[in-house]
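Since the structure comes first, as structure tokens, the remarks are kept for the end.
Residue numbering begins at 1 within each chain, and the chains themselves are lettered A, B, C and D in the order written.
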Amino acid sequence: ASASNYGLGTAATPQQIAGWNIDVRPDGQGLPRGQGSVAQGEKIFDANCAVCHGTFGDSNKYMVLAGGVGSLKTNAPLSTVGSRLNYATTLFDYVNRAMPFPHSKSLTADEVYAVTAYVLNLSDIVPGNFVANRETLPQVKMPNRDGFYEFPGLMHVHGKSDTHNTTCMRDCAKEVKITGSIPEGFVASMYGDIRDNFRGLASMNEAAPPADET
Amino acid sequence: ALPALAHAGEYVPDPKYLPPNLAPWSQDLGKPVGSDPYGLPSPFERSNIRRSSPGLTTTTQSSVAFSPLQNQFGIITPNGLHFERNHNGRADINPYDHRLMVHGLVREAKIYTMEDLLRFPSVSRIHFIECGANTGMNWATPAVPTVQYTHGMLSCSEWTGVPLSTLLDDVGFDRKRAKFILAEGADGSGLTRTIPIEFALDDVLVAYGQNGEMLRREQGYPVRLLVPGVQGVSNVKWLRRIKVGDQPWNTREESLQYSDLMPDGRTRQYTWIQEAKSVITSPSGEQQLLDKGGYYQIRGLAWSGRGRIKRVDISTDGGRNWRQAELQGPVLTKALTRFCADWHWDGSPALLQSRCVDETGYVQPAMAQLREVRGTHSPYHNNGIQTWQVDTEGKVHNVQV
Amino acid sequence: ALPALAHAGEYVPDPKYLPPNLAPWSQDLGKPVGSDPYGLPSPFERSNIRRSSPGLTTTTQSSVAFSPLQNQFGIITPNGLHFERNHNGRADINPYDHRLMVHGLVREAKIYTMEDLLRFPSVSRIHFIECGANTGMNWATPAVPTVQYTHGMLSCSEWTGVPLSTLLDDVGFDRKRAKFILAEGADGSGLTRTIPIEFALDDVLVAYGQNGEMLRREQGYPVRLLVPGVQGVSNVKWLRRIKVGDQPWNTREESLQYSDLMPDGRTRQYTWIQEAKSVITSPSGEQQLLDKGGYYQIRGLAWSGRGRIKRVDISTDGGRNWRQAELQGPVLTKALTRFCADWHWDGSPALLQSRCVDETGYVQPAMAQLREVRGTHSPYHNNGIQTWQVDTEGKVHNVQV
Amino acid sequence: ASASNYGLGTAATPQQIAGWNIDVRPDGQGLPRGQGSVAQGEKIFDANCAVCHGTFGDSNKYMVLAGGVGSLKTNAPLSTVGSRLNYATTLFDYVNRAMPFPHSKSLTADEVYAVTAYVLNLSDIVPGNFVANRETLPQVKMPNRDGFYEFPGLMHVHGKSDTHNTTCMRDCAKEVKITGSIPEGFVASMYGDIRDNFRGLASMNEAAPPADET
């Protein structure tokens, strides 16, 4: 073996690749054969998803799936698949690889298409007679399709940031006021005795706490 | 389960253990060498653990356990305390069955065993990993009490692995057409992220080593991606697949999540870089200073996804006046840096802050400056200056000014 | 107890776990976040442990457990694998009862609690600790099979603590008269060693932190002395007393033991410095190379008590010809440095060696050169060049040439 | 508190110091009041030490205490308290802090003096009527008193070493022969299956060993 041929690894066969090559791009590349309708999706959703996401995808026990369209610029934005997602193909990709939560990658392609159609319909993005497949899904225009943009400053190590603080050293503010703090009693009620989180030796109490012998 | 370590004032040392007397361990034979072939901390350290934040998530399998920064020394996170963040629980993988597939715009798609990966030329580097959502609870107002919860999605280790560029060369990736790679995990979430080819060819590692041993299961055993300086989620754990492509994938973890909702309702996407950030770890939230007039060294951590930390300043009056802190060497790129500054607490209230500058000249912003640009619904990339209030009783609180 | 991990050729992976199929962990919910508040390695790593050498010592309470260097990555030793060497077993100390007394030629003798020590200004440094007897079994002839046993009384961590000079100033030590300090442990052996004042004022630490958490019990919890670059025994564990004096103490551990018996029958005393040394950790003793013509990166460690490693050369023909290896940065003073070199094994026998040079220009000696000066009864300070033979079957053996 | 007065630690009282200040220097500084004879020491040794060190200090189960005087320059040096130790005060210091092995620091000063005298007598360093105390012990001249010296090269970071290897790179030796190796069969008999010491993934066997499921 030459210096740049380590002789490691084995060739991946097309069949091996096909089994793991499940990603779907915004332009639809990677979508498998298959199809599913909103009505078919409703049945699958009720059986596999509603227990966590609610019949109408509106349960916030885990994640809300529908609603909030147009709310992103308000003071109470609700970010959901319907209101926030830019490409429907991403919904397919995600459900296919990660849902249902307790047993992912267990739906067939047809089933993923169907439940994708149903989730889109929950936010009125597709009509009730929509059938999702390789051709139709990339053509769905999500409400927030044009809502994403790139900020180069955070994409490159030497990019220009969006804040420009200075290293002022003296008299940097006229007045400093506390504008936010944790309400009295909150810590004890949520965390119990928070002193338990510290190494006793360094909780900076002059009298070192004891430790029961093991 | 051992009882909780007791608290200040509850313990009176037994004089028979103190000078001029002898404690039992000074006379009795200790535990045999080799009692613990793989050692564990003293039980007296049992308060130094990862913790989940009560009520933060509704399922323990998509959740986070924070690293106890209030107890941390130096810059190396001990492996048992590295913060843990999963999206479908912790996969416990048999390394002999695990495979890494590299394919796409390549000459020869390949599958590697762990045996293969350990045979490639390897490098070791000290880098932090910070979740993009770290300090997210602090965006609007202080919500959690200790530095473990405010900043504990942060850890730093010596990572060992194969440079991704070595594997890409091994499969003969298409230098002309390749613009992005997709990294995918083998856990139940199958988490995917887009990595730009410039990063992939620069300092990205396919890593299996963590502080001298194999990765911990919580950190992706047996192999993960290590993308220095970039949001934690890009450091895909339980790595099973790398695909070379020419367009970004817009995965769920870079569209619905880990993207930044701006005040105008639009979303910034692919905000990879974790910008320079610092925090005082001691004194910090919920600690108790009792020694009025006493010395309390101000200690903390600083880090930047853009490279090395150049400098850290500290303030004890809420940002009105600042002085420079000392940096503990070696100061490494995209790694934690420890800083220290002398301080005597005169017993009066104080507002402690740290502010870092990285090698690009970028200065850590105040919370107000961040909010002015990002709003309060971002909720990622909160690298704002942290304020700890020391009150009249010497109790320390998480506040904002 | 889990069964031993099985061996080469005994395992046939189940195709239902391999591509294109899915392993169970790719579909099933994993363990909840926070399952292990203090994490442990994967059970598949259970062969990576400290080990005692059979028959080396007659009591397990004055013995050693070696660090598994053959499995080690990078330069940081994970805390659970730091080599363990005790003289009266491992003391398990209650840190609230532990005290450090500093007295002697000082203005004000003092007693410190652990609380006190953690309040002093602290520093963190990455340093190796090597027992003076490391590789002692190799003095006359190869006696042990793997690099764990030949070189495993060696580890490296980020240590955090108070500079000893800070404590000496705190007690107002007598700058004119002070020439030596005595360090004493609180364990059953009460081990003592003399430290010259130049070292004490230079880089000696009173250390409590080990890779970000408190010391492990095996490494002296809650506090030890850290004397960079000096024989391990000077790094007194379970430190209870520091005495400032004007003459060396000639303790048992620097007269009857840890002193060097020379061929003329005389003894060198106070041979503190661990000289530059290196060893190839992979391929190393008892490993098995099967891939004729295959790539086997030569990896190893180099270190020097005199400062930084400047360079490492490797040979595959028993020292007839050499070439330079690559050093993994950062290269730190009195710390482990990782080196690597490409190598393709053509299937024929080979004799692998590494030879380091430190910043003073000192070159690691061959065994023959060492023996010519020191004889074979020394038995400390064996920093000679290590040779690993790769035989015609690809099996690796500990040999000497 | 000023910058160099941290207000930490408490003053150590003379009584506190006295309890822990047990070290003994070669010149005798640190020796406590007390005394003990060889005959007294024999009783104490028989009761507390002989079980491990042998009645005559000649058992090598743990460490041999006597004998070997004059052997250090031979090819079979026997290093013991008698043959190797340079100062008798060190023997007192060590026994006082570290022996008996299972319960150290349990002998009185008188007892340590006595057993010290006995151990010295075992190597004929002191006569049978010797009484060890603060005055007599520092005056004992050990056989190897002049056998120790300092080698500055290993006492200072920039000291000059005693080996002077060079960085020869080419044709550095005419011939290379293996002069030492581990005998066949030794490893298996002493260590069992040494492959168990390696991470299976990197023992460099092409076929990865299996691992039983937990």
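Here, a contact is a pair of C-beta atoms (placed from the backbone, for glycine too) under 8 Å apart; a residue touches a chain by one contact, two chains touch by 3 or more.
It should be emphasised that the depicted structure is a prediction, and the values quoted were computed from it without experimental measurement.
Setting chain B aside while every other chain stays in place, the touching chains still form one piece.
The distance from the centre of chain C to the centre of chain D, each centre being the mean of the chain's C-alpha atoms, comes to 20 Å. Inter-chain centre distance (chain B to chain C, centres taken as mean C-alpha positions): 27 Å. Rounded to a whole number, the gap between the C-alpha centres of chain B and chain D is 45 angstrom. Under the contact definition stated at the top, the residues of chain A that touch 2 or more other chains are 6, 8, 12, 16-17, 20, 101, 103-105, 199-200, 202, 204-206, 208-211.
For chain B, residues touching at least two other chains, in rising order: 11, 13, 18-19, 26-29, 44-45, 48, 51, 61-62, 71, 88, 94-96, 101, 111, 113, 119-120, 188, 190, 214, 222, 240, 291, 294-296, 342. Working note: touching chain pairs come out as A-B, A-C, B-C, B-D, C-D. Interface of chain C with chain A (complex): residues 18-22, 26-29, 94-96, 113-115, 118-119, 214, 222, 291, 293-295, 342, 344. The residues of chain C lying in touch with chain D in their complex are 2-11, 43-45, 47-48, 51, 54-55, 58-59, 61-62, 68, 70-71, 87-88, 101-103, 108-113, 116, 119-120, 140-146, 148, 169-171, 182, 184, 188-192, 196, 198, 229, 240-241, 243, 245, 247, 249-252, 255-256, 259-261, 263-273, 275, 282-283, 286-291, 296, 305-307, 311, 313, 317-323, 351, 355, 357, 360, 362-366, 369-370, 373-374, 377, 381, 389, 397-401.
Interface residues of chain B facing chain C in the complex, by the touch rule stated above, are 11, 13-14, 17-19, 23, 25-42, 44-46, 48-52, 60-65, 71-82, 84-86, 88-99, 101, 111, 119-124, 126, 157-160, 186-188, 190, 208-209, 211-214, 216-218, 221-222, 238, 240, 294-297, 299, 328, 330, 332, 338, 340, 342.
By the touch rule above, chain A contacts chain B in their complex via residues 4, 6, 8-12, 16-17, 20-23, 25-27, 61-62, 72-74, 77, 79, 81, 84-87, 89-90, 93-94, 97-98, 101, 103-105, 144, 147-151, 153-159, 161-173, 176-182, 187, 190-191, 193-200, 202-212, 214.
Residues 1, 3, 6-8, 12, 15-20, 101-106, 199-202, 204-206, 208-211, 213 of chain D touch chain B in their complex.
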